[in-house]
Structures are given as structure tokens and as C-alpha cells.
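Labels run A, B, C, D and E following the written order; every chain starts at residue 1.
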Amino acid sequence: MALLEVNDLERTFGGIVALDGVTFDVASGETNVIIGPNGAGKTTLFNCITGYHIPDHGTVRFQGTDITSTPDYKTARTGIRRTFQEVDVFDELTVAENISLGAFESSPREMMELLDLLDIHDKEGSELTLFERKRVSLALASEGELLLLDEVFSGLNPTEKPAMVGYLDALAERKTLMLIEHDIETAFDLADTVTILAQGQVMKRGTPEEMLDDETVREDFLGEMAI
Amino acid sequence: TGVLGGGGGGKIKLGAINPLSGAAAFYGELATETQTAWKNRINEDGGIDVDGTQREVSLVEYDDESNNSAARSAAKRLATVDNVAMILSSWRSTGAIAIAPIANDNEIPTFTHGFTPEVNEPGSYMMRMTVSTVMDAYPALRQVQQSDDIQNIGVIAETGDWGDDTLALMDWWFDQPDNDGGYTELGRFSFSQQDFSSYITKAKRAYNNDNIDAVYVQTWASAMQRFIQQQAREGLNEQMPILTGLGGADYNSIDEVGAAMDNVYALGVYTRLAYADNPAIAETLSEDALSQFEEYKGLDAPMHPTAFNVYADAQAARQGIAEAGSTEGSEIRDALVGTEITTLLGKTTINDRGQPAIPGSLIKFGADGDSAVVEDVAWSGQLPPITSIPPNVDL
Amino acid sequence: MSTDTASGVAGEQIDGDLERIEWQSVARSVGITLVLGLLAIPLVSASSYVGYTALLVLVFAVMASGYNLMLGWPNLLVFCPAALAVIGGVTSALLVNVFGVPYLLAMLAGGVVAAVVGSLVALSAIAIGSSFEIIIATLAFEEIVYYLFTNWGAVGPTGISGIPAPAIGPVTFETQVAQYLFLLAVLTVAVAVVATFDRSLVGTLAVATSENEDLLRSIGYNPTRYKFVSVVVGALLLGVGGSLYAHVNGLITPGGFTLDQTVFLLVIAVVGGLRTVHGPIIGAIILVGLPEVVRTFGLSDMKPYIVGGMLIVVVLFLPRGVLGGLYDRLGNGGDRSWRFWR
Amino acid sequence: MVLLESLVNGLIQGSIYALFAASFTIIFGVMDIPNMGHAALFAGGAYVFYQVTMLSGLPWPVGIVAAVVVIGALGAIVERGLLAPLYDRSESEYVFGVILLTLGLARIFERAFAQIWGHEPHSVSLAGLQRGSLEAFGVSVTTLELLVVVFSIANFAVLYWLINYTNTGLGLQAIVQDRDLARLKGVNVSRTFLVAFVLGSAMAAVAGVMNAAMFSLTPDMGASLLIKAFIVVILGGIGRVLGAAVAGYALGVYEAFAILYLSSYYIYASEFAILILFFLAKAVLLDEGEENLGAVLVDRVRGLRGVAR
Amino acid sequence: MTRELLTVDDLHVSYGDMEVIRDADLNVPAGDVVAIVGANGAGKTTLLDAVAGVKAIDSGDVRFDGESIVGEEPFERIDRGLAYVPERHRIFPEMTVRNNLQTAMIPAADVSRDEQLDRVFDLFPILRDRQSQVAGTMSGGQQQMLAIAQGLVIDPDLIMFDEPTLGLAPKIVEDIRDTIVDISESGVTVLLVDEQIRMAKQVSDRMYLMRKNTLQYLGERGEFEDAYQNAVDQVLE
């Protein structure tokens, strides 16, 4: 049984169709990367899976249970955690406090060790650099079974990206990851499977290699930089 | 400086709680000025004769900010820190309730302007010379009874205790078998109401449907003035009289209302003094009152009905202290209750509940060109001390 | 342990257990209140007027502590503390006057009724969501409470008077010193409640709701819940405070609990320092005491200038209130709630 | 007949609300400054007018100009000197700060007015407009009332144009949303805010003169209007000028008709109850641009149910 | 000799006690694309903020078209033709897309508004479709496009981009790159801050490295490869 089953999701905002019948599965342990043009509906998909938005139509099942209209704070407790495209941490709390709030079962220390946050455990959220914020928000999101990460690489520089890949690799050993990413190169390094979302629909799913082999995909979605 | 408490041999300490800020600040300022003028006059004359010694008066005044808690702390402070012999004036009703326990516990006779059945219990140290809203309505109701033209009245009253009591009185009055006529409640409004046109529209409709022949409006002076002006502007005054009580509190600005006063009946208790030149009004005032009023005019005190009333309170206080020959609160109270007190308002008695029986008259106004004139005295006599509804005094 | 020393990181700071409340720090807050309160007794008994003022300070400190819970932690701009207080006061006064219920029970009932009403206020405020709409809706609610009470025969515009002094069993607190001690005891309990809330996970989460609700939801907490708890606990304290007010003064009038009173409580809370445990006490001392100082110096005429000027100065130079400002000066963050395991 | 008259009454009452609310809209609704001192500016304008015309005997246009200039300048001082330092604060600190600070100012101003001009009500005459009256269909209104209606509508029209069709208005909206970005995008932040605040103050001054001419002049003349203005602006939707105009008139008309049909105690209570229901309904139905009502409702109900978790 | 449109001389900028930019010199020739690369927190954004006038400087000089603009408010600089697209799609979230663009045009007194709107809409057709959408509800990438459009809409002489491709899909990144080349060819000078470096290399005529608060000149087009490798080595060490 797949860990996450998304079936025929639809979501509109006024006249804008953000999701238009999205169906796919994510197997336990898999790292799935979602790519696609801006406004394709990627973030909306995460919002619908977590219950942040309620889809107009379709179902989301997690570990076999229907969670379609479970509110977000409950899905978070059942094991789906996410980061936001706009990196968010609690500005008035220290790193250690932030992470303690996020962790229910595992020890905050372990998480901080994993993400190299021990040294800055007493910095306040508002004092952090982007990379540090990203790590803290990753830590906040890492308690679940399934982690939905929205553009974790964006804004990181060439030295930071490999480090982030390292963190995600470590997480991927224990968790199932879904990443939204525009940085094709980095994303494909991590991906077991890739999903292309465009205009609210799944265009193609496959391994990174399959994607790179596909002429139209390359042309329409990957751009020359990925080649 | 030899200023001891009420019991000592130095100056007699009197307290004053006046609203110097907040909604009622205007009245508070009048009170301050009047009390100061009174005190200066007394002290120039050598003070009050207390059991053979002439003692000067000193005043300790606090602002009650037109607010109960502040009134209460002020009373507490006067009672416990300043040890005053008496307290003069507190403008508001709920303020009077707030200070009543302090006055009673500390046995400090207190003159208040608030109308409050709650404080008018037997043995109360809270007393007043002012008419209450309930007393206010009494001459108007008599007028309804006597007049052939006015059978049913529409009543418009403030939201709040005074309005409630007015309506309660109306209920009781028209329930009495001897009193014919009736009333219709036309609406309540808040103290700060500025625009009365909707109420007037409603009154007009009732009048045109023959449901009412006049309106009785219960409110304070400024709002009353606005009401009268707006009703006059509707061209309604000629047809439909306005009856109002308000103890005639401050129609001293009638000049500003002018001809709008046409066909208005207002209760004069202290207002009358302002029209003392008018022979018909002078008729209703006693010799004593007139001569004391002459004296008042010689003071540096405001020519305002509220000021007349504050002055009367102070006169009563003086009489009480002199008669008791003591600055002991309980003795002053004993001297005051049931005794005939002479002030510029005329001869008044205060009963055990602190309620006055006081002379008054119902003045009917008319117009002369642009200005208002006294047309008629519709009723004149002693207002009974109504202490509860139904009144336990025969009206 | 060795890793700790190696990286210079104390274990406790990192492995803090959010569910565990540090009772020591709560006890410290309570202790400070109690000791300073008791130290002030000579002042209270020496002059009956200072004593009377001290009673008011304590009553307002209890009410403002409750209000501070709504304002300070989740930053919910609920503008009807006076309504909640008067509900508590009226409930307790009627229970004692009409039904002869023992005072302590009546006081708790006042708190509970206020809390029940507060829960409706909380739910509405949470549903409404936008700050200014919450302000107006709760103001409107306060007006409605005022109209209902003035219109209700049992209360009416002149309110309820002749309310007996607080009592426990056969002991009635008649004298000022006795009343002071009783009020101090209640305030101490209130401080304990606030401090516990502050050091608890719930308090920290309430703060977090004011910062970022979406993030909070994404890690499994429902912000609604923490806002709700803050308002309900706050309402409980306000109700108890209202009951104290009624029984200490012997009188409670609906007209005394309208916008002016709400603003007064707001000013106490903000001047003292929002989101601080002792701020409301400091605020009450300043705002109840100031007019008396003004009176003593014969500056009654100047009072609006003094109070107005003080508000302006506090806002401009001490935005976190007197106590908040002090903590900032001291640089230790004071008892800011989320420092819960330090 | 009565209905027509009530409608007229309501419109006039509404105009008074609207008159006050109009100047308040720009300061509170658009600039997000919950100015508790607005009633003081309102009364201040009237006092300046009173001083200039009634006490100094100058003609009324001079009085109007003086009111506008003096109160406008006062507004400028308040905005620059006291409010500007608060703009950088976090939202809750800002809201509390502005409320408390302007409350303090209101106390000071009210007291100062009372000390200078006394507590007693004064009447002011505005070109004798109170006297003239018009009559149609048996309903009579004074020229002044008509002028007030026209003036408040004109105020709203000007504001509407200013907010939606001018650079200043656009700049204002931008500043309120993101001050730093607005500055970065080239909005002259301090000038725009100053201009708007001064404009709001000056409008309040003229409104105060009219109100005083209609009724009477006291230091706390605007106090009861302030809360109505808050209601009107928020009911109309923060930043929505036309919304505020409609809400102002709706409130006036509601009160005029409520007097006819409702037991009077309940007029205000019902008004407030309707207000709360309106906010609740609005929160449930129009959730920040969401158009999927069903989903929003489900969301909300769930949010509330979550309390019990 | 090319004219220097923007010159920064001996610039010092700090936050509180912390000096973030020390002794920076920068020359941007008219018509060129100049890129600044460097690690996070190096001070690139601060430099652009200082040039745009939103961050006060400690000392040094900033000249635009020969005149010193130190002390001028941002609106004065924009009126001179200096546009700035800040990092991380800063837009006005509660305004419509159209009003966002209108707001950006406030200080540019002499541009023809409708024409400019048309021009940016042609560049980003999605914005034309979404003119009346509330900007904050658009996707991250769409917001970034709007932010870029806000810069272009005033028809500037010099436009500064701070990481313009952040969060954009690869295809759009290429579009943006082409746009930069296009506008540069039409005579607009571009100052580009980019972390991707790859794009900076492709489009720029001149490149600087910002490192530990100092600005280091890397060279002209054609010289980048070595200089870049050097720079990367330095950063990594």
C-alpha cells in the first residue's frame, strides 16, 4: 500500500483552476520531486494534502485513511509535516525552543545535531540567516512520516546547496520526502521519482533519467540549464 | 494652621465633591464657584456661630470626574483623611449611591443632587434640596388632570434611572382611579442624544392620529433645549405643548432657544428666581426667598439656576451646623431633619429619608417676536417629597 | 554529557520538556507578590485611606491580570473586559444577596459565569479573526451587556447595592486590613494562575499564535485552542475581580463597567507591561495611585494633563510598559513566557 | 408620509455619522491609525470657529479657514511628533500604542478646551443657515441639514477619488501594506502620510463646525460620534470609502426606523447585536477573497470544533 | 570611452556597530550588464539598498549619471531613472496586480502609463490575465514576475535586480535572462545580483565578487571563467 494516495484532486480559486484532477501515489521511503512551471499548482497541492486548503473534489489518503478534510493541525499530528515556500520560523523563540515546539516524540537534540544547529541553539529566530532559517524550518517539519518541502533550495548559494542535499539525504533514510523544486539539477540528485505538474495536472511521472530522456519534457520544463 | 477636623475648635471643614471633568463638568464648575462665593461671604462675616464661638469655614473640594469610583474615593478621602463635618453636592445619581454608604457609616450629612430612591432610606445621611425627576413630573401631571385640552401625553425619556422612574410614576399616576387621561411611551434616548428628529416624527404621528395631545419630555437642560428647538422647527409647538420638568434647572439660556419656547410648560423651582422681575412669578416666591435672592445677587456667584440650588444646599448646611451648635455629623443631621429650612428657594423641610418638600411652580412660556416670555403660571405650591413609587405621601 | 561540555551546550536548554512546568519559577513569581504585598501592610493599617486605595489596587490588579492574559499572550484585541467583570460581579452579588450563597462559592460562580460568557466571546473573536473587527464586535458586546443589565429588574441602572463584604464561613472581612489580606490572597492565586499559564506549554503556544498561526498549525497545534484558553482563563479572573469589586465596594452598577472601565483596564495592562506576570499589579498601583497623588498635591485641575501626558510618555518611551521596559533594561528578558525553561 | 419623514430623519442622522466618519475614514480606515483623539480635533475645529466668529466677530468664512488651518497644523504636529515614531512597531504594539497615545491626547485636548472656553454649551451660527428651511412633500429640512448631507457626500466623493484615482491614494494604500517596500518603490512616505493626516484633521474641523452649528458646542461634542465612526468605518470595510458612506447612512436610517418600531431600549442593543452578527457572517462567508463558501464554512466549523480536541 | 552611469566610491555601510560594507568601489558603464556575485550575507543586498537610497550610508559617494545622489530619498532616485527590484518578490500583497504596477509608477513622472503597462504585460502575459487578482494570492513565481515588472514598468535607465530568478521555473529563468539581454540591448543599464552565478556569467559584461563585506572586481566579459573559479575557490576555502 502506498503511503500517500492522491486521487483526482481539484481546487479552484474564483475562476482560477489551481488543481485540475491530480492523481498519484507516493510509496513509503520514496523521495518524490515535483517540478513544474510557476503557478502550476504545486504549492496548492501541498496545501490540499495537509488540509490547509480543502479540495473541491477528490480524496487524499495517508497510510490508508482518508484525510481529505482533516484540518492541517491534525494531519500534522498524524505524520504529514510541511515547510512553507516563504521560510517560516518563530521569530521570538530561540532555535532550541522552535525545535522543541516542533518535536513531539524524537529528541530536539538529535534533530539539532543532524542539522548542525547545536552551535546556534540560543539564537533567536529573527537573528538567523536564510540558511539557518531553512534548517530550523526543516527541523520543525521533520517529525512526521511524510515531509512536504516547498522550495528548500531556493535562495541558497552554491556552497550551501550541497550541505542541504546532505541533510535531506540523511532525512530521506528515515522519512518519505516530497519536494517542490525549481533547481532541477539539485532536485534530480535527490529524486527517486519526479512528478511534473503543469496547469493543475500531472503531465508525467517517472525517474529522473526518464525525464531527462524525454525531449518534450526537456524542452518544456527543464530548460537548457539542466542539460 | 489650626485646621482641625470637624470636631476641633479651628475652622469648620466642609467637603465638596464636584464633577470638574467628564460629562457633568459644566455643573461642577458652577458648584465650585458658588460654594467659594458662599464660603468667602460667611468668613467675611466672621464664620458660623457654633455653640457660641464664631468659626470660619474651609472647603476641601475633590473632582469626581463624573464617575462613581472617583466619587467614592473622594468621599472616602473626605471622611477618613480630611474629617469633614459635612459634604456638599455631588451631581449624579449613581454617584450618590456610591457615596451613600460612606456618608452613612461615617455619619457625615451629605447634600446631593442625585435622585436615588436607593439612598433615601429612613435615617439616611444623604439629603437634598433639589427636586427629583419624579417630583419634576408631578406639576405636569396635575396640569394634565386640570386641563381640558390635554388628556393623553406622549412620554419621551432618557435611558437610565431617571427615565425609568419617570415612566414608573406615569404608570402609577394614571392607574389611580381619580386621575383620568393616559400616556404613551414614545421612546427613550441616551443622555448624549443630539438629534431628536426621529422622536419628533414619532410624536407628530401620534399627535396626528389623535393618540396624544402633548408630549412630556424628561431630560437634562441642553438636550431639552435641542428638543424644543427641533420641535419648534417642525412647526409643531403651536399645536402640541411640550411639558417638561427638569426642576427648571437651567432655562437661563432661554434667550438662545428664543421663540421656540412657545407653548412649553416647565417646572420652575430655582429657575423662577431668574424671572423674579416678572410679577406673576414673584407671586409664587416668598418674601424670605426674594430677600435672600437679593443678597445672592450681591455675591460674586454665577447667575445660573444650578448655582442657586448649590447655594441653597450651602445655606442649609450653615443652618444645620448653627442649629446643632456642633460639628458632629449626627447632631447636624438631627438639627436638619424635619426642621423648616429657609433658603433662597423658600421654606423647605427635609424628611427622615433626606427628601425635601420644596416650593415650585409650573411656568407656561409663550413667544414675543424672537424671544420667549413667561406667559402664565399654571401651577404653584409645595412639591411633596416623593421618596418612592408609588409615593408614600399623598399627592 | 561529554558532548555537552565539548560543544559548551547545557543539556537542559536543549532537551527542555515543554509539557513540564517549572514550578520553581512560578513559586518565585507568587512569592514576590506575597512578600511585597505583606510588606505593605503597615502602610495599609496606618492610614485608612491608603488602605482603601490599596484595596482598589488589588481589585484592579486581579481584573487587569485577567485582561492581560487575552491581550498579552495571544494578542487578541478583545475589548470587553468590563462586561466580563460586571457579569462576574453581578452574579456573585445576586447569589449572596438573593440566595444567601456563601461568599467564596459566589465569587467562584462569578468567575465561572464570566468564563462561560468569555468562551462565547472567544469563539466569536476567533471566528471574526480581523483585529479591528474584533475590537468593535467586543465593544458592541459590552454595550449589549450594559443594556441588558440596565434593563433587567434585578440589576437596573442603579445597580445592586448593599452587597456584604467578602467572607469565608463565619469570618467576615470587615476591616480594611482584613479585606486587604483577603484580596492579597486572591491576587496571589491570580498571579499563580497567570505565572503557571505563562510557564506552561499552553502559554508559549498562545504567544506563538500571535506570531504565526499557519506555522503553528503545520506542526500540529490548533491555534484556536490556545487563544480560547487564554480568553477563558482571562475571563475567569475578570469575573472574580468583578466579584471582589462588588463586595469590597458594596455596590456594582452597570454604568460603571462600560467603555471607560475597559479603557482603564487596558491602560493598566499596557502601562504595567503586557505579557508580564506582575505588570498589571504595577499598572494598577500607578493608575489607581496616581490620582490620589495628584489630589494630595492639589493638582486635581491638572489631572487630565498628567494622565494624558503619562500615557504619551509611556507609549513613546516604554512601549513594553513599565515592567517590560525594566526587563529590557536589565537585559534578562524578565519573565517573558517563552523563556520557560531557563 | 411618516416613512418618508423617517427616511429623511435617518438620512440626516446618517449624514451626521457620515460627516464625522468621513474624516475618520482616511485616518483610521485608510491609514490604519485608530485615532481616539479624532473627537478632539472635531471639537477643536468648532472652538476655533467659535473663537474667530462669535468671540472675535470676524465673518464666518474666516472662521472656517481658521479652523481648517489651525486644526490641520495641529494634525501635522501630532502626526509628525507623536505618531510617526510608532510606525515601525510590531502590529500589536502599534495598535495599543496609537490607541493609548491618542487617548492621552484626547484627555489633554478636552481639558484644554474646557479650560479655555468653559464646559457650558455654546451655540455657533454658520451664515444663518440654521434658520432657512426647505419643505417638500410635507417634510421640512433646514438649509444647514441639507448642507451637511451635501458636505458629507462631497467628502466621501473626494476621498473616493483620492484613494482610488490619485497617486497619493495609491501611495497611502502601499504604505499601509508595507512601509519599507513603499519607500523603496518611491512613495514619498512621510509626505503622503502627513498630507493624508492633515487632510483628515482639516475635514474633521469643518465637520465639527457644522455639527456645532446644528446642535451646540461642548468639549466632548464628538465623543459619542467616535464610537459610531469606528463602527461605520469597520462595517464599511477598512479602507473602503464607499463602504463607510453606505454604512454611515445605513446606521442613521436604521436608528430612525428602529425608533418607530422597536421598544426603544433595544434600538442600540439591537444595533450592536446586528453588528456582531454581521461580522460573524462576514467572517464565515467572505473569508479573505475565498469564494468557495462551502469549503470556508466547513473550515470554520472545524476550526471551532477543534477547540474540544 | 563609455560613460559611467553609476559609480560607487569608497562606500561604507553598517547595521548598528556591525560594518557590513567596507570601502566598496563599483563602476557601472551605461548600457552594460554588471553582475555582483557572492555568498549569503556578504552584503550584496545592503549595497543595492544603499544605492537605491533605502539604507543610509556611513561614508563614501554614490553618483548617478555624474551627480552625487547621496542623501536623496528613493523617490528622487527613481525619478532619475534608477529602478530597483528587491529580493524575494517583495510586492504589495493586498493590492491587485494592476495597482502594484501603478504604485511603482508613482515617482516616475514622465512615463506614459498605459504604454508601460502594455509593455510589461507583453513580457509577462500571465500578469495581463491576472490584472485584478490580489497579488498576495498568486503563486510565488508569479509574484516574482510581478516584482520584476514593477521595476521595468517605470522605463528606467538603470535597473538593479536582486536575485531575480529566485523561485522561478527554469523556463521562466531563461525568459528573464533573455529579457535582461533585450533591455540591455535597448539601452537600459543593468546591475544584477545573482547567486546562481551561471546566469551572471551568461549575461554580464562585467562582474564583481562581494566577499566578507568587500567588493572585488572580477573582470570584463571573456575574463570571467578564471576569475570566477578563483573566486569560488576563495569562497570555499
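Just so it is clear, a residue touches a chain if its C-beta (ideal position, glycine included) is under 8 Å from a C-beta of that chain, and two chains touch if they have at least 3 such contacts.
What you see is a predicted model, and the numbers here were worked out from it, not measured in a lab.
A.B. asks: For the chain pair with the highest number of C-beta contact pairs, give its two chain identifiers.
C.D. replies: C-D
A.B. asks: Grab the C-alpha centre of each chain and report whichever is closest to the global C-alpha centre.
C.D. replies: D
A.B. asks: Between chain A and chain D, what is the gap in Å from one C-alpha centre to the other?
C.D. replies: 47
A.B. asks: Taking the mean of the CA coordinates per chain, how far is chain A from chain E in Å?
C.D. replies: 30
A.B. asks: State, to the nearest whole Å, the distance from the C-alpha centre of chain B to the C-alpha centre of chain E.
C.D. replies: Centre-to-centre distance between chain B and chain E: 77 Å.
A.B. asks: Multi-chain contacts in chain C: which residues touch at least two other chains?
C.D. replies: 150, 222, 301, 304 - these are the residues of chain C that touch more than one other chain.
A.B. asks: Counting only residues that touch at least two other chains, what does the list for chain A look like?
C.D. replies: 13, 71, 73-74
A.B. asks: Among the residues of chain B, pick out those that touch two or more other chains and give their numbers.
C.D. replies: In chain B, the residues touching two or more other chains are 21, 159.
A.B. asks: Please give the residue numbers of chain C that touch chain B in the complex, ascending.
C.D. replies: By the definition above, chain C touches chain B via 47-49, 52-53, 56, 150, 156-159, 161, 249-251, 253, 255-256, 260, 291-292, 295, 300-301, 303-304.
A.B. asks: Chain A touches which residues of chain E in the complex?
C.D. replies: Its residues touching chain A are 39-41, 88, 126, 133, 137-142, 144-145, 163, 166-174, 195, 197-198, 232, 235-236.
A.B. asks: Can you name the residues of chain B that touch chain C in the complex?
C.D. replies: 20-21, 61-63, 65, 67-70, 72-73, 76-77, 80-81, 93-94, 97-98, 100-101, 116, 118, 159-161, 164
A.B. asks: Which part of chain C faces chain D closely enough to touch in the complex?
C.D. replies: Per the stated touch rule, the residues are 71, 75, 77, 123-124, 126-133, 135-137, 139-141, 143-144, 147-148, 150-151, 210, 222, 224-225, 228, 259, 263, 266-267, 270, 274, 301, 304-305, 307-312, 314-316, 319-320.
A.B. asks: State the interface residues of chain E toward chain D in the complex, per the touch definition above.
C.D. replies: Residues 52, 54, 73-75, 77-79, 84, 86, 90-95, 99, 102-104, 106-108, 134, 137, 150.
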